[in-house]
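Each of the next two complexes has chain A plus one other chain: chain B in the first, chain C in the second.
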Partner chain A sequence: MELTVTLLLFFALVGTAVAIALVRNLFAVVMLSGVTSLLSALLFIVMDAVDVAFTEAAVGAGISSVLMLGTIALTARHEKAPKRISLVPLAVVSLTGMVLIYGTLDMPNFGAKDSPVQTHVGPDYLQRTPEEIKVPNIVTAVLASFRSWDTLGEVTVVFTAGLGVILLLSGLGRRRRRGRGPS
Partner chain B sequence: MERIFDAEFALGHMNYWLFVILMMTGLYIVVARGNLLKKIVGLNLFQVAVFMLYISMGKIAGGTAPILIDNPDQLYSNPLPHVLILTAIVVGVATTSLGLALIVRINETYGTIEEDEVLEIDHQMYAAEVAEMNKNKPVKTDAA
Partner chain C sequence: MMFAFITITIFVCMVMIMIRLFAGPTLYDRVLSLNTFGTCTVLFIGTVGLLFGRPDFLDIALLYALINFVGTIAVLKFFRYRRIGDAPEIPETPDIEASQ
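Let's turn to the complex of A and B:
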């Protein structure tokens, strides 16, 4: 049952990705990227990552789409047709994909209990959270307490990115008005 | 390699292969499409595929979401990949917004968001600069 759901969601996801590659209307591209985020949020739920799923739905389908819509409103609505079609990207991508699949051959089976991922800090967090942090959601406990330095680093990155966006876009409206101003 | 096809191995690894397919679709959009906004969307697709690969490693068969319930025998999936990917999603949207701001800025300067047109304008500007320099050169040698 779970396998069927995973496969169904996955093929919908690849279909959306292919549509993104083919569609030329940028509004459609942005909407399809929102659909991708929603489908991947569903896949995250199937894989037990509920916190990741709602972050992806809120951030990927929500904020990203709004930002991209703002960008197409300020720039262009349509992608221009390519002048020449080259097979080089397809070859590069297939080769990379094959190398990556070769790399997965050594990985443990999906859902394995005794893989290296499951035998180090993960169980430790599960054990210590009820005694030390006393919140039922372990993801919250790890995010805000055990690994709060990571979260501080994340906030720093977001702050820096915000600063960059402000520097890049400051004076945009002023320059636009001057460009169109009385001549 | 005693057997050519092992059903358990294939089923256990199919998830990873599916994510690689999705990742490569994203990479193809980044490499082959000239529109800068589409490149960002492709980058996001690539990113989501990496997240899925990571989350799928934390899944335990028969486990549930890592939120504690009263049953002491309950198996939980590994919470650590979830935490790391949560951070990565937020950082991802920060970098996306920076990329989009760059696109707006490029559009302001070049009047287009197609990669090949931007390159063409760059080449024309460079050619004009070189022509300007060549025009000035003989004047300078005469004066010397």
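Let's turn to the complex of A and C:
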């Protein structure tokens, strides 16, 4: 049953990708890319990666659609039809796809018990979390306690980026208003 | 068996919505179909959770409903005002001026 659902979702994903390649109206392309990220979020949920799925839905269907709509407002609404079919990009994309599929051949199966993910440090975290950290969620224990320096660094990076964006945007608005004269 | 049937039905609905999104002549067809696709995603998460015996997916489905709502509001606001952030300082059409 799980395989059937996964296959259906993958077929829908491929269909959406082909539709994005065919459609020339860029609004439709933005909406279809939102559908693509919702479908991949569903795939992540079927694979039990709920947090990744939520990030995918928030960033892919939410923020990036809005950003792409803003880009469309600044540029053009319709894509120009290609004058001739160029084969080199198609060849590059197919080759990259084949290399990526070849790279997955060595990987252990999805959810395999003897994969390095399950045998390396995972059991140690599972064993030590209830006694040392006393947090019911193992992921929270790993992020907030075992790797807390790493998380602190990430939070600092995100905070600095947000601060920079806020400073840039507020400065731009003030300059524009001053340029238009007293109002 | 019942949940499998419901899942397949919702998937068929999603495919039909995608066809409308692909073919939809006007802008609003596409916005509405994206919104409906998000709603179908919420339903799909719920039924898949029940199908695989993990009903704790239901609260995640609620979060998706919130994202879908906010996203649709953002897209519609963009279509109305041609920008994302503040309301326009110079109204471009008379009916915006009247509403302010």
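We take it that the second predicted complex is superposed on the first by the 142 of 183 C-alpha atoms of A that agree within 3 Å, B and C clash if a C-alpha of one lies under 4 Å from a C-alpha of the other, contacts with A are read in each partner's own complex, and residues count from 1 in each chain.
One rule holds in what follows: a residue touches a chain if its C-beta (ideal position, glycine included) is under 8 Å from a C-beta of that chain, and two chains touch if they have at least 3 such contacts.
None of the values given here were measured: they were computed from a predicted structure.
Touched residues of chain A were counted for both chain B and chain C, and B has more of them.
In the superposition on chain A, A:Val5 makes contact with chain C only, while chain B stays out of contact range.
Judged by the touch definition given at the top, the superposed model places A:Ile138 against chain B, while chain C stays out of reach. Of the two partner chains, chain C is the only one that A:Gly15 touches; chain B does not reach it. In the superposition on chain A, A:Asn109 makes contact with chain B only, not with chain C. Once chain A of one complex is fitted onto chain A of the other, the partner contacts of A:Leu100 are limited to chain B, with no touch recorded for chain C. Touch criterion met: A:Gly164 reaches chain B, while chain C stays clear of it.
Applying the stated contact rule after C-alpha superposition, one finds that A:Leu38 touches chain C and leaves chain B untouched. Overlap of the chain B and chain C interfaces on chain A: residues 50, 70.
Here chain C touches chain A in the complex through residues 4, 7, 11, 14-15, 18, 21-22, 24, 27, 30-31, 33-34, 37-38, 41, 44-45, 48, 51-52, 57, 60, 63-64, 67-68, 70-71, 74-75, 78, 82-84, going by the rule given at the top. Across the complex, chain A meets chain B through its residues 3, 6, 10, 13-14, 17-18, 20-21, 26, 29-30, 33, 36-37, 40, 43-44, 47-52, 55-56, 59-60, 63-64, 67-68, 70-72, 74-76, 79-80, 82-83, 86, 89-90, 92-94, 96-97, 100-101, 104-105, 107-113, 115, 117-118, 121-122, 125-126, 129-130, 136-139, 142-143, 147, 150-151, 153-154, 157-158, 160-162, 164-165, 168-169, 172, 175-176. Touching chain A in their complex are the following residues of chain B: 8-9, 11-18, 20-29, 31-35, 37-38, 40-42, 44-45, 48, 51-52, 55-69, 76-87, 89-98, 100-105, 107-108, 112-114, 116-117.
If you check the complex, the residues on chain A that touch chain C are 1-2, 5, 8, 12, 15-16, 19, 22-23, 27-28, 31-32, 34-35, 38, 41-42, 45-46, 50, 53-54, 57-58, 61-62, 65-66, 69-70, 73.
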